[in-house]
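Structure first, commentary second.
Chains here go by letter, A, B, C, D, E, F, G and H, matching the order in which they are written, and residues are numbered from 1 within each.
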Amino acid sequence: MAAKKKLMQGNEACAEGALYAGCKFYAGYPITPSTEVAEIMSVELPKRGGKFIQMEDEIASMAATIGGSLAGLKSLTATSGPGFSLKQEALGYACLTEVPCVVINVMRGGPSTGYPTGPSQSDIMQAKWGTHGDHPAIALTPAYVQEILDETVRAFNLSEKYRTPVVVLYDEIVGHMREPITIPEPGDLEVIDRAKPDCDPEDYKPYDDKHLIAPLAPFGEGYRFHVTGLNHKEDGFPTNDSEMIDINNRRIMQKIDDNIDDICKNDESNLEDAEIGIFAVGSTSRSAKFSVNAARKKSIKAGLLRPLTIWPFPDKAVGELAEKCKVIIVPELNLGQMVNEVKRVAAGRCEVVGIHRVDGEPIKPAQITELIEKYS
Amino acid sequence: MAAKKKLMQGNEACAEGALYAGCKFYAGYPITPSTEVAEIMSVELPKRGGKFIQMEDEIASMAATIGGSLAGLKSLTATSGPGFSLKQEALGYACLTEVPCVVINVMRGGPSTGYPTGPSQSDIMQAKWGTHGDHPAIALTPAYVQEILDETVRAFNLSEKYRTPVVVLYDEIVGHMREPITIPEPGDLEVIDRAKPDCDPEDYKPYDDKHLIAPLAPFGEGYRFHVTGLNHKEDGFPTNDSEMIDINNRRIMQKIDDNIDDICKNDESNLEDAEIGIFAVGSTSRSAKFSVNAARKKSIKAGLLRPLTIWPFPDKAVGELAEKCKVIIVPELNLGQMVNEVKRVAAGRCEVVGIHRVDGEPIKPAQITELIEKYS
Amino acid sequence: MAEPAKKLPRIEISERRCKACSICVDFCPTNVLEIRGTTCVVKDLEACTRCQLCDLRCPDFAIRVFD
Amino acid sequence: MAEPAKKLPRIEISERRCKACSICVDFCPTNVLEIRGTTCVVKDLEACTRCQLCDLRCPDFAIRVFD
Amino acid sequence: MADRYEIRFSGSGGQGMILAGIIMAEAASIFGDKNAAQSQSYGPESRGGASRAEVIIADAGVDIDYPKATAIDCMLALTQTACTSYYSDVKKDGILLIDEDEVTDIPEGDFKVVKYPILRAAREDIGKSIVGNIISLGMITELTGIVSREEMENAVLSRVPKPFLELNKSALTLGFEKASALKKEL
Amino acid sequence: MADRYEIRFSGSGGQGMILAGIIMAEAASIFGDKNAAQSQSYGPESRGGASRAEVIIADAGVDIDYPKATAIDCMLALTQTACTSYYSDVKKDGILLIDEDEVTDIPEGDFKVVKYPILRAAREDIGKSIVGNIISLGMITELTGIVSREEMENAVLSRVPKPFLELNKSALTLGFEKASALKKEL
Amino acid sequence: MAVAKQKLSVPFDYDKYLRKDKLPHIWCPGCGHGIVLKSLLRAIDNKELSKNDLCMVSGIGCSSRTPGYVDFNTLHTIHGRAFSFATGLKLAKPSLKMIIATGDGDAMAIGGNHFIHTCRRNIDMLIIVYSNAIYGMTGGQFSPTTPIGSIATTSRYGNVEPPFDICEMAKAAGATFVARGTAYHTQELERTFTEALGHKGTAVVEVIDSCPIYFGRMNKQRGASEMMENIEKNGTVSVKQVDKLPAEKTEGKLVRGILHRVEKPEYCEQYDKLIVAKATK
Amino acid sequence: MAVAKQKLSVPFDYDKYLRKDKLPHIWCPGCGHGIVLKSLLRAIDNKELSKNDLCMVSGIGCSSRTPGYVDFNTLHTIHGRAFSFATGLKLAKPSLKMIIATGDGDAMAIGGNHFIHTCRRNIDMLIIVYSNAIYGMTGGQFSPTTPIGSIATTSRYGNVEPPFDICEMAKAAGATFVARGTAYHTQELERTFTEALGHKGTAVVEVIDSCPIYFGRMNKQRGASEMMENIEKNGTVSVKQVDKLPAEKTEGKLVRGILHRVEKPEYCEQYDKLIVAKATK
């Protein structure tokens, strides 16, 4: 391989991906097990003309991240459970004001302070429903170190393209493990920058509803406009008119719904003829792959659907799976989150069973294998 | 009627209910449209030997509320969307440490600052998934002023009985409207107080897993124990042992799951022979009742399932509805929250359609009627 | 040099902006202004000294005094 | 009154608690203590003045000096 | 009375429309034996702008489910903006009571319009423009008959601070009387 | 080599077990042409207590899905606690390398036990107890043959600060040699 | 200079900085917020700042609605966090001239932490605290600057919480320019703002302001003008006079004027000078 | 008194206040936190406080693990919010004797707002800030008290943020007892804690403390003892000497001892005296 291979930790790969995507701003507050992302950004950003700031808490971090993005820089923040809870209010602000930014949540054992050095996947529902009010949500779920790099780049791309915050969720195991990965050369991966207005500043409407996604002018470059977390109209100013409120509230959801095929991404293995489907993300999906491979060796028709985009939920792929499988097994490091979504989509077309673990240990391949064999 | 009848606002009835239940502590931070609850408590609590404090923000308010409860007082806090987002981290702490308390969320238009004086029902999913990590959730959804009083009392009862925070969710319309209500006399409604230990202080285990719900000693009365948001064992001290972590994390969920019939409560109208089911809460359920009555006059077999406990979700009642109806209509002041849960439970047994509104206006009976007639 | 005939100032009050709060009225040193209905009006233009105090304290960008 | 034969102090060190941080060793004015392996031990009991400085600064509740 | 009787009070912030709604609801449900539900709408700011309160009245024991207006039996409009924004829900043969000084562009429709210089009367006859809402309550009582004079008087007096009792009583009486005259023209 | 080769390094915090894991993974996947995945477990506090790192090695192009140990080919234990807590995953015919001074209660099983006073050698032969992990790496390289001496040496040297190059080289060599002798006894 | 201004024959043209179509603003009749804004606009004009560079950030509250009316780059954020959004903006784009419009609730209740950390970092921005001793927007609850004994909707029996001295807090936290003005002393306030806008680092100006609708009504002040007069007569004393006056004339009064001013390295500059320099060398 | 203590023939019996089965504690070898705790326990003993009344509340951090080891009513909460939990507890049950164990990160970074508001209310509690200029628990990031130029895992090029003076902040915010001690001067610290425990109102004691593992290692201090010595030699000067010493001996040094002490009405008492009295009359 010509490109350089490096042994990297998941969190390092995340920082590397952000830098590759052109991230120039980081604001954060340390928390286990995400802290390495901040530590690397604090060293690397100043080398590349970027800015790093450690804020006084996660609320300030999220706010400063949005500020950095409004100034025109691609902006990142990273955290874990308790910090993710604190960021929710400002995250909702970014959704409504349509400010791109990327939020990393390295999931640790919860609830509350829980088990800070233990892995979990129990913030998956929170990534969609954590802030008040209806709002769009995009969340990605990489499972391999290389994938963390790639998906962090994709997170920035989606964020810039759809003018919305994107959350990257991975569990502590993936965040702290190391694998040899290839750092992409410039040009190897697509990098998308937000659209900027080319109209006359007078005519600029930051929430123009002619566009599903209006261009976003950076502050301080002649396009003087207003941004508010109140319901607003096309020009960004607050409104009280129920029609305007409706248009804007629906548009920010629609920009995701209308582009679901562009946003969703799945990794499928052995699904063609699968009778037993497995739906899993993160470290758990690695256990699942191990089990599927083992099952196939025994000629059991198991297959794995591994979503890289968990929000919006991969309704289409799960629906297809439900059509062809007799059962979908959903192993997850929580007490039942994605399994409910799978049930909703399956709508009775096949059985859906979960495997849940919240004791700080990973789901072992043996647990999945046992269930596969039971259903085979 | 012997008992006194009074014209009361929803928020007043909430405060009245809290006082009836024996609430003696309130900590909060003002926010529209919930502020009246605080204002009344600030006047009434000092008259009754209780304590009111206005904290510097919602995080501090939630924390102080938990503190008040640990000192042995029944404690309340009230807020709306942005404040509810901020309370999430501490709310998760109360779940894991099993400290009873009641949180009122008077739902306003969102996301973000949104439409502060407009009604909404868009924090319903947040009430279950807002904090990180798996945790138990109980949330009640009154729709009438009298019901706000009654359900606030029930919220305290459930909280004390199950040693867990209980959320009361109602929309701005119900919070601000006035209806004549009857203030119950002492004894009219059941009032439950938390169990206190009667063992020797030496033997006290605040998370004894012999009990599904262990008694809770107030601080400062001889039972010196430790409370932490880290995963802990029976004696309250942090642990690292995966078996202990598992036991405790599952127990706090199980105490709800095992008592779901005690916690769930529904109001049903015209369901016996219903072919068209409606599932709705809060002000929207009032519109729905209006429509159902209108439909019945036209001999259309419509019926209403109106849950007063939305979390845990009324799977059983919805399942029965799905069995007998050809369609369940789910009108809600959001862009689709409960409708997904109904779909999950219906599991393909009947059609499920939502009516969604996020423009600051209530769902009009005409909107529901139209759909009822379409399906009739 | 002899003063020319006294030129009166021009006081512009925006009815759209004025909220009749009465601050300008109460602080005008020479009692030039008054509230009439839902707006402020000039009662005694001659008395105006062009001191600008009304403008400085009007919270609503509603009053301006030109030479 | 003549002093009786010098009674030596008793120094109790908890091996379970001691983390061999060396603070007591470094701050003992008379060099009574030393680190051996993963714990602190008494090297020269006679030199001990019972000043309690080791106890006062031990972060681990690991050392106590009795009369 | 039909299943529900709907009244809307509209004007601008500060004219006491919400208080009027509350008093009407109490007249019906506390001092009378009917059921009532009162609600209101605010703008995004809680102050300034048009203000609107609604009261739905039903017979005792009849639930009021939908608490907002669907087809208005009687609406008050004290300002032009309020009138223009809100009149359209008034039902066929309903009553639209307007302040005749303020509302000059009178909407047309299948309803009956009652005009009276309410605020002027408050200012000039009673001496306090703030009691415009009480005069209105008197008029609506009389025009609709949905509550009795006595019920309304009790409701007003229970909500008013002692020193202002007489003032409000006069305002209410003025409302009763004026409406009783105007009613004949309907 | 089978599909996957599993190595576990265990000891107490501060003994460099994670670094050992990283170096082993780099020897295999960066300096060698295999695939590798390294992971570790912490207690709830990031310091103190038992420490554990694992490396899974596979042939180039073979994915390592499950990144934790399932059946361990070779395990190092530098403390009794670590040994007792973690030995049970060692597979049949696997190797358990222990510090013979520290681990006195030697677990029994279907595996081969290799004993050596690693920490003592680090202290006494090399003069720095901190290089116990490097000696161990040398021994494991030799005992397992999963990476070559050269790959391991490159990996160690690339992770070590300049002033300590020689020190680590000696430690590694010591490991190679001791293991090469002990191997014969297996 | 003050006198010269007073005799201006052409009144100041506020409209050139305003979004005229957004007026009338939402503030109540007689609310002091508009007066504060006017002083600021004159100061901006004095400093000849460019609208394209000016960036006004606020939280939530009546005072925090200010950005909606000025024709700059404007950001109306969430309650209490304006400072943090502004920190991100400023660090990312140091050419922006930052002004924070905030209230005593927004800055000192929910936003207190971000306020002190902003002061500590000494990041270049002007913080204007519209200090009316009440939460105006939510209808009149007491705030962390409400005097003891005052009535508010959550202190019907009289407030028992001692108020913050905002200027003391700013100074202790590290702000390098700290001043106090009032909505009554509008020209002095203009001068203070002018000085503050010229300062490099965190400048905090507390403005004693009035909420006639809630604070005034609940505390028996008859109207906006009476509140203004009270600010003048009872509330404050100028820093220039404070030493000359007898103790009984200054006791319990807040001091107006520039209270603290030092030169210290500014955060964004330090970032470039120390961090970037070392990182790239 | 100090001398008397030093000659104690029976050492202090810490175990009577400890949860012995929880030892050894999780703190690293040489961490100053244990020394601070010992001074506190002796002070508690001096004041003869009852374990049943004592309530220790903390946030998250190494220092915040203190409550787990003491045999009181103990509450280990979430990061930065210990003050607010404690406020609820104290107001609900004024008989509790409240002690907050917190770190420079917990109290001054994420918890800064609750810290200043607690001081402002003057609610009766002793706040001990274990001030080690680092986030120990998360592995050594700089904190709001890290000196300029220091290395931390997020300031590899040297910290550029000016540190807070915790005592100045406490005082400006309204705390009525403010003191500073160190983990080196353990007996002085015991005396300070003893005084603080006797004070009615919010008492803040900042303790200059050491994290040899992160702060020490990254900033070239060879070990725990060297850090201790540095605290003694370079860090601080006693308030009793500060006026007597020449300027060059005090410059840049933090002052130890009781820095501020005033009598002011305590919050819970005011609540009873003013609010309850009016409400029930």
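General remarks:
Please note the rule applied: contacts are C-beta pairs under 8 Å (C-beta built on N, C-alpha and C of every residue); 3 or more make two chains touch, one makes a residue touch a chain.
Predicted, not measured: the structure shown is a model, and the values here were computed from it.
Both chain C and chain D are touched by no common chain. Chain pairs A-H and C-G differ in how many C-beta pairs are in contact, and the one with more is C-G. With centres set at the average Cα position, the gap from chain F to chain H is 43 Å.
Centres computed as Cα averages put chain D at a distance of 88 Å from chain E.
Rounded to whole angstrom, the centroid-to-centroid distance between chain B and chain H, based on C-alpha atoms, equals 39 Å. Listed for chain G are residues 28, 78, 109-110, 112-113, 117, 137, 139, 144, 157, 161, 271, 275, 278-279, each touching two or more other chains. Multi-chain contact residues of chain F (touching two or more other chains): 43-46.
Residue positions of chain B touching 2 or more other chains, listed in rising order: 32, 43, 46, 52, 56-57, 59, 82, 89, 93, 112-113, 115-116, 118, 228-231, 238, 240.
The part of chain G that touches chain H in the complex is made up of residues 109-113, 116-117, 120-122, 144, 157-158, 160-165, 168-169, 171-174, 264, 267, 270-271, 274-275, 278-279.
Residues 60, 78-80, 109-110, 112, 135, 137-139, 141-142, 144, 153-157 of chain H are the ones that touch chain A when the two sit in their complex. For chain A in complex with chain B, the touching residues are 59, 81-82, 84-86, 88-89, 92-93, 95-97, 107, 109-116, 118, 120, 122-123, 125-126, 128-135, 228-231, 240, 242-243, 245-246, 249-250, 253, 334-337, 340-341, 343-344, 346-349, 357-361. Listing the residues of chain G that touch chain C in their complex gives 5-12, 14-15, 18, 23-25, 27-35, 38, 184, 186-187, 212, 223-225, 228.
Residues 21-22, 25-26, 29-30, 35-46, 63-68, 70 of chain E are the ones that touch chain B when the two sit in their complex.
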